[in-house]
Each structure stands twice: as C-alpha cells, then as structure tokens.
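Here come two complexes built around subunit A, the first alongside subunit B, the second alongside subunit C.
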Partner chain A sequence: MNRYFKTIRLFWSTAFASQLEYQLNFLIELLAMLGTLLGSVFILSLFFTGGRQLGDWTWESALVIQGVYTFLDGLTNALLRPNLTEIVNYVREGTLDYVLLKPIDSQFWLSVKKFSFAGLPEIILGLSIVFWAAIKSGTSFSFYSLSVFIISLSIGFVILYSVWFLIAASSIWFVKTWNATEVLRALLAAGRYPISAYPVILRFIFTLVLPVAFLTTFPAEAILGELKFNILFLGIILSSLFFIFSRFFWKFALKHYTSASS
Partner chain B sequence: MKIFGLSFKVIKTLLTTQYAYMLEYRIEIALWALSGVLPFIMFSLWSENDVGNTFGLNDIGLARYFLSAFLVRQFSVVWVVFSFEEDSLSGRLSPYLLQPLHPLLRYVAAHLAEQATRLPFALAIAITFFFLNPSSFWLPSLPQLFLAYLSTHLAFSIAFLLQSLVAALCFWTEKSSALERLIFVPYLFLSGLLVPLSAFPSNVLKIAMLTPFPYLINFPAKILSGMPVDIFNGFLAQVLWILILGPSVNILWKLGVKRYTAMGA
Partner chain C sequence: MPNNPSDLILVDQLSKYYRVANKQPGFKGTLKHFFDRKTYDVPAVTDISFKISPGEIVGFLGANGAGKTTLLKMMCGLIHPSTGLVDVGGFSPQRRQAAFLKEITLVMGQKQQLIWDLPPMDSLYVNAAVYGLSDYEAKVRINELADMLELGEELTRPVRKLSLGQRMKSEILAALLHKPSVLFLDEPTLGLDVNAQARVRSFLSEYNKRTGATILLTSHYMADITALCPRVICIHKGKLFYDGDLDSLANSLSPSREVKVELKNSCSSDQFEKYGEIQDLNDRFVCLLVSRDKLTDVVSNLLTDFDIIDLEISDPPIDQLIGKLFIKGEVN
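Here is the complex of A and B:
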C-alpha cells in the first residue's frame, strides 16, 4: 500500500514540475472555467425567472448542484481526462507493453500517472459554491450531514471514474473510441440540473442506467440534509458494482490485447 | 470558372477523396452526431418544467427550435484547430504547405465531406425525436429550407474562420487548441444551443448580438423551426462577420507561415 502512495507522490510532483512550463495554459483554463460557471449559472437563472422553481428545488439549493458539478468537473479535468485519454495512445503506439511490465497494478498506473493542476481551482471553487449555497439556503451542518456528503461525493466520483475507465479500456479493441467520451460528457452535462426536473423516463435512465443523479443531485441532497438513507445504501452498492466491473473489464480487455508495433 | 482559385476537377477530387476517407470512420462520426444531444436534454427540462410559458414560447415551438438547433450544430461543427495542431506538431503540415493548395482549403473539404457522412445519422436522430414527440412534427417549406440551408452554411463559414484564426496561432504557440476553449465557452452559452436567445434578458441579449455566436445556431435554427426572425438583418450580420474574419485569417496566416519552423520534420 505504501508503495502506491509513494508512486502517486512521485507522479504528481513530476507532473507539477512539467506543468510549470505551461503557465499560460493555467491562465486559459482558469478563464474558461470562470466563463463556464458564469454561463451555467446564467442559464440556470432563466429557469427561475418569474419566481418559479425547478423540480421542487429552490434557487439556492439548485446552486449547490452547480457546485457539486463544478467540483466533479474539476476532478475530471485534473485526473480523469489527462490519464484516461492517454490509454488510447498507449494502445496505438504499443507503449502499453511497458506499463504492463511494471511491478505495479496497471489500472492504478494508468489512472493516476498524471495530474493536471489547472483543474485545482475548479475543485476548490466547486466546493466553495457547495458550502456557500448550502448556507444561503438555510442549512446547518452537522457531523452526520458532512459525513454523508463526503460518502455520497465519493460514490459519485467512483461511478464517474468507472464509466470513464470503461470507455477508455474499450480502446483496446476500438482504437477510435475517443468520441464515446464526448457522448459521455454531453450526457453528464445533464447533471447540472436536479434529477427531479427531468421527465420520468430520463429520471429512471439518469438514476440507474447512467447514474448522473448519484454524481450531483444526491450529494447536493446530502449536504442539504435531505438524502434518504436507502439512496445512500443504493449508491454504495451501485458504485461498488461499477468499480468491480471496471476492474473485471480491464482484466478481460487485457486478455485481448495483442500489442501494436512491437 | 474557379472557386478559391481551384478548378472543378480539383474540388471534385478533394471532396471525393475526403468523403471516402470519412466513410472509414462511420462509427466515430455517428458518436460525434450523438454527442450533440445537449439541445434535447435542455428541451426535456424546458417542457417538463413548463418554462416556455414565461417567455411566450409553447412546447411545440420549443421542440422544433431545439431540434433545429441540434441539426444546425451538426452541420456547422468545426474542428479545424485540432487537425491543424496535430498536423503542425507532427510535421505533416510541411508537405501541405508545399502543395499548390491552401492547407485551410484541404480542411474545408474534410469538413464538408464529414457533413455528408454525418447526414444519415443526424436524420436518424431527428426521426427518433419525432417518434418521441409526434406532435412537434413539421416539414419546413421549400424557401424556408433553402434559407436555413444557406444560413447554416454561412454559420459554418463563420465558425470555420473563427477557429482558423485560433489555428493560425499554432505558428506562435504549441498549444493553440487550449485557446479554442476561450471561443467554445461563449459559443456554448451565447449561440442559442442551450436556450433560444429570445429568453435572454434584454441587456444580455444586446451584448450577445454584438458577438458572432448567435448567428451560428440561433439564427439558422429560428429560420428552420419557423420562429419569427429578422431574415434580412440576420444574413447581413452573417456576411459582415465573414467579411471581417476572412481577411483577418488571411493576414494572420501569412504572418504565421513566415515563422513556420517545420516541427518534427
């Protein structure tokens, strides 16, 4: 276990050093993030014109969802995207061989190799919005609600990671699955709004098929102290299943890996 | 007769080879088409929460608008900056620059060929949409269709020039695709992909109309869906943006090529 922590530390300190070279990139990401947030809040505000509500959610509580989305988007930009989009290149160039030869779990290696520090402000800003908007909507935090929030946020992240990884791992067969992540990104954007605002069919799909609800709506409910215990329970089971499946799928994919250009 | 200094024979060859090339990536392009579902997600929110009423838009009108927005986006998507960055970093640009054909025109041909490949997928998605929302079915009249077609092409031209401007910055910086994000963000919110612009508060709308973005989705989508729209001024604005962006790209490109260092060659 210790070896894994040490590896992460080494990976991310080299990532930090190499990214210092591209400071302009950091600035661009920051601007893009602020623009995206401003735009999303503006679009959200249109749903509330004339004092209406969005699927029983008040303006402040809907902002909590935006905060959770921003936080997960930051994690995606910092960790998931830089690492998992590389897998296809390893497969295409045959360098996956070297990864597989290393005396460390290959899924671990591929998932944490890089860390894009440009995603960090988004992560921090996302959390700040969550707490600010939760306070605005009159929530008082307790040890219990905070722990449920952290658990449900972890559930969301594990699901998000597993779905990303599944698509990335399928590049062992189809080298051109990169576009599937674009479809995923488009669908995940549905998580900017509360699940109860969607028509019934979509609510079902976004809860059990592509569990967008577990990514944003449920963590937001958790911090607002409204999350039902059985949802949390379902989340723990669902995220475990997703994660186990991603590992199983990776092992399965590796059996079919035939190595390129070596 | 020549278009952009190219004879019909050259144009035909360019388009057919690019089309053959694109046909190889049918699944990829189908996924691309599918990744444009955002307008449908927004539509489901609008209709479920009855938001349209606040802005004087009924459900059928909204359904048609969002479907039109989807279709317009399908045929005005531009990715030239990504192709260009890849070609420039890998040194593939060098032979392109030597050929008696402007490299940007090669990308134009690739985009047009991709649109043709995309057409059946986009239509399949549109038919699925009608199947789920039968009451929103409509067939635009011929003049309507023609004007929508024309304005979508103009929208594509504006988007292409806008991205080429960023792509030309590749000559100065290695990571110009990062700069593309700075165009994409305002595009996402001001183009009308997520909401019809008529729902914007008037002061935001005024600012939005000063940018090229509303003419990329909102204007053609309104024509196609049959919403009231100022056709003359819309086309005028589209042409004006092309007249502003075209020469700018040309100048920046010429300055850039002088600096080209043929990376990876």
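Here is the complex of A and C:
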C-alpha cells in the first residue's frame, strides 16, 4: 500500500514539473482556469438575481448543488480528464505494453498517472460555495452531516470515474474512440440543477439509469441534512457495483488486448 | 516436457493465431460481414519449441512480419499463446504475476516510456517507486548503470532535448533499474548511428557478463547479432527455421572466406592455385576463396611464401547469407 502512495506522490510531482516545463503554457492554463471560474461565478450570480425556485429548492440550497458541481468539475479537470483521455494514446502508441509489464495495478497506473493543477482552484471554490451556501440557508453542521456529505461526495465521484473509465477502456477495441468524454461532461452538467427540477421520467433515469442525482443532488442534500439514509445506502451499493464493474471490464478488455495486439 | 532446472526459458510447441474477419468490399459485403461473419485464423507463430539457459544471449532473426515480436511478447506475457506452453523462470508469463514482472524487462526501440518533457531522472524515480525500491537503492543503482552507459548530465536534461542515442541509453537505464534477470529487447538499436549502436552493444555484453542476466533480442542490424549473440534463432513465416550458434549457421551457408592479398611484385595465377579458388587476379592483387578450416594454414603459408604488403580476410556479409537462407526456405 505504501508503495502505491509513494507512486502517486511521484506521479503528481512529475506531473506538476511537466506542467511547469512550459512556462507560457502554464500561464495560459492559469488564465483559462480563471476564465472558467469567472464563468461559473457569473452563472451563480444569475441564480441570485432570479429569485425563482427550482423544483422545491430555494436558491441557497440550489447554490449548494452548484458548489458540488463546481467541485466535481474541478476534480474532473484535475484527475479524470488528463488520465482517462490518455488511455487511447497508450493503446494507439503501444506504450500500454510498458504499463502492463509494471508490477503495479494497471488500472491504478492509468487512473492516477497525471494530475492537472489547473483543476485545484475550482475544487477549492466548489467546496467554499458548498459551505457558504449551506450556512446561508441556515444549516448547522454536525460530525454526522459532514461524514454523510463526504461519503455521498465519494459515491458521486466513484460513479463518475467508473462510467468514464468504462468508456475509456473501450478504446482497446475502437482505438480512436469517439469523443465520448464530451457526453460525460454533458451528463455532469445536467447535474448542475436539482434533480427535482426535472420531469418525473428524467428524475427516474437520472437516479437509477444514469446516476446524475448521485453526483450532485444527493451530496448537496447530505450537507443540508436532508439526505435519506436509504438513498445513501443505495448510493454505496450502486457506486461499489459501478467500480467493481469497471475493474471487471478492464480485465476483460485487457484479455482482448493481450490476445490481439502485436 | 518437464522443465529442467538448467533451463530458464522453455517454449514448447507454441503457436499464436490471430482471428481475422474477411469483409468483401461494398455495401452488400458490409451487410454480409455484419450478419454472417466469416472468420479465419492467421498463424503468426506456429509450433515453435526451444529452451534457453540462464545467462545466454540469444538473437532472434527474421524478416519483417516473421513473428519475432509476437514470440517475444508471448515470452514476456503481453500476448496470450493460442496453443502450446511458455515457461519463464517457472512462471507462466501471461498471468503477469508481480514476482515475474520484477524479474523481466522489455525495451522496445520504437516506443518510449520516459516522460517526454522531463529529464530522465524524474522518470527513473517514478519507476523506482513502482518497483518498490527505496530512494537510496535507486540512487546507487542509477549511478552504477549511468557509469556503465556513460550517461552523466544527460539524465538531468529534458528527454525531448536528448539525441536519439542518449535517449535510448536512458530508456535502457529505466528498464534495468529493478535488476531484472531476463531482458527482452525488441530492436534496441533502431535508428541509432553506428557509434551509438556499438555503445549499446558493448553495454549489453558487459551487463550480461557482470550480472549473468539472460538477454533475448531482435534486431534488424546484423552487426548487433554478430557482435552479441553466440546463439541465434531464425524465424521464417512463423516457424522455427534455425536454432544454433551463429558461426555454424554462417559456416553451413558459406563454408569459405575471402582472402584478399596485395603483393609487392606482380605474379601469375598458377602460383596461387594450391591455396584456394582464385576469384580475381590483377597484377599485384589476388582474391582467393579459402575454406574456413584451412584458413589459418593458408594465411601463414601465404605470409611465408610471398612478399605481402596487405592482407585482408572477410566474411561474406551475414545479412546476405541470411537473406539467402530465407529464400531457400521459401523454396523448401
């Protein structure tokens, strides 16, 4: 286990060094990130001036969802996108061979090799919004509500990761995958709004088929102290299933890779 | 076939088929391809058996697409065999157990694992962590290998700014960090200039002598094989064609060598008939074809019998011989 932590530390410090290697590019990336942040804040300000209710959510509580969305988007930019969109290149260039011959879990390697520090400010901003809006809507935090929040946030992230990894792993067959990641980002974007703001059918789909609700709405409910225990339980089961399936699928994909590559 | 403890690698009746679907052109062909797919197996490697002892350096020869890389990848566990058995140090490679992976390494001349934008040193420490080496062990190991490879400050320069030769040496360093005992090298000198090739070669031979590591390599450059590999395995169209030492391969293909002599005085052909078959005679220059077993006698006799300014003994180029071999195989 220790070896895995040390590996992550070195992965991310080299990722940081790689990003700093091109100073101008790093500056541009910082600027782009600043632009994204301003965009998010602008959209949030629209919420404030609207004065409308979304579903049965007040704006403050809807703002918590925005915060969770911003946090997950930051995490996506920091970790998921740099790593999972790279898998197709490993396959195409054949450098996956090197990864497979390392005495370390290949899914682990491919999932955490890189870390984009440009995603960090969004992560911090997201969390700040969550707590600020939760306080604004008169929530008092307890150890219990914070733990449930962290657990439900992890559930959301694990589901997002697993779905994304599944699609990325399919590049072993398709090699040049269609831009499936954009579909996922749209899916995540659907989670910017409370799940109850959608029609009943979509609500059902977003909870069980494409678990968007688990990404943003449920963590927000958790910090507001409104999450039902059975939903949390369902989330733990669902995310575990997604994660187990992603591992199973990766093993299956590798079997295909190793019996077909040359 | 039981695995004799003296064999490190055992390959027994190994075959690999790739399943390929054939699609007729056009829309009709597409429909047919979708509903009634005809697949057939294309053999990449057929029924190959050999054994390799610890510490051997073995070269794999063969034309492009002969199945060398497929064979190499089956031995390091990247490709599952269709039928047959591979055993490397008591492991079944395709299971890719950690204990097995720590014993082997793969270097591919046309693919790199070093991080492009960073100095090799950064990638080296990442690899060290992956293999569970402590920082101290890694440092000692890097210094030792850098010494052997004649790498210095190149290790702290971004990979993209290194020459191909320096990059390849760094790649080899990265691949050897964990002290593997079996080295799989697929075209390790591809694209390098003659000097860089020679340096990689001398490193490999020194590494083999120092550590007793087993080295299996494929190369397009005959010079790599002749300089490094006492034993060669020739693959032709997926089949084992020849397995044995390089000298007897060359001997059986071409039992004679060329002896070129430059004399002080001009001479006639009848003076040379007893030494060997005269290829060419031009005033003071003679070219003889001498069988290998008589070579030393003939040369010493020539040196005592004539006033010789220059004498040159050359092998018919081995790559031509191998080419001949493959053409012959085609005929059989």
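Just so it is clear, the second predicted complex is superposed on the first by the 226 of 262 C-alpha atoms of A that agree within 3 Å, B and C clash if a C-alpha of one lies under 4 Å from a C-alpha of the other, contacts with A are read in each partner's own complex, and residues count from 1 in each chain.
The criterion applied here is as follows: a residue touches a chain if its C-beta (ideal position, glycine included) is under 8 Å from a C-beta of that chain, and two chains touch if they have at least 3 such contacts.
A quick note: this is a predicted structure, and the numbers were derived from the prediction, not measured.
Asker: Contact-wise, after the overlay, does A:S18 reach subunit B, subunit C, both or neither (first, second, both, neither)?
Answerer: In the superposed model, A:S18 contacts subunit C only, not subunit B.
Asker: In the overlay, answer first, second, both or neither for which of subunit B and subunit C A:A189 touches.
Answerer: So A:A189 only meets subunit B here.
Asker: Between subunit B (first) and subunit C (second), which does A:T95 come into contact with in this model arrangement: first, second, both, or neither?
Answerer: So A:T95 only meets subunit C here.
Asker: Scan A:P199 for contacts with subunit B and subunit C and give back first, second, both or neither.
Answerer: first
Asker: Who contacts more of subunit A, subunit B or subunit C?
Answerer: The larger set of subunit A residues in touch belongs to B.
Asker: So, A:L234: does it touch subunit B (first), subunit C (second), both, or neither?
Answerer: neither
Asker: Quick check on the superposed pair: does A:G35 touch subunit B, subunit C, both, or neither? Answer first, second, both or neither.
Answerer: first
Asker: In the overlaid three-chain picture, which partner chain does A:L120 touch, first (subunit B) or second (subunit C), both, or neither?
Answerer: Neither subunit B nor subunit C is touched by A:L120.
Asker: For subunit A, give the residues common to its interface with subunit B and its interface with subunit C.
Answerer: 22
Asker: Under the touch definition given earlier, write down the residues of subunit A that touch subunit C in their complex.
Answerer: 3, 6-7, 9-11, 14, 17-18, 21-22, 93-95, 97-98, 100-104, 109, 255, 258-262
Asker: What part of subunit B is in contact with subunit A in the complex they form?
Answerer: On the subunit B side, the touching residues are 25, 27-28, 31-32, 34-38, 41, 44-45, 47-49, 51, 54-55, 173, 175, 178-179, 181-182, 184-186, 188-189, 194-195, 199-200, 204.
Asker: Any idea which subunit C residues touch subunit A in the complex?
Answerer: 18, 44, 69-70, 73, 76-80, 94, 96, 98-99, 101-102, 104-106, 108, 111-113, 115, 117-118, 122-123, 125-127, 129-132, 158
Asker: Where on subunit A is subunit B touching in the complex?
Answerer: 22, 24-25, 28-29, 31-32, 35-36, 39-40, 42-43, 46-47, 49-50, 52, 54-55, 174, 176, 179-180, 182-183, 185-187, 189-190, 193, 197-199, 202
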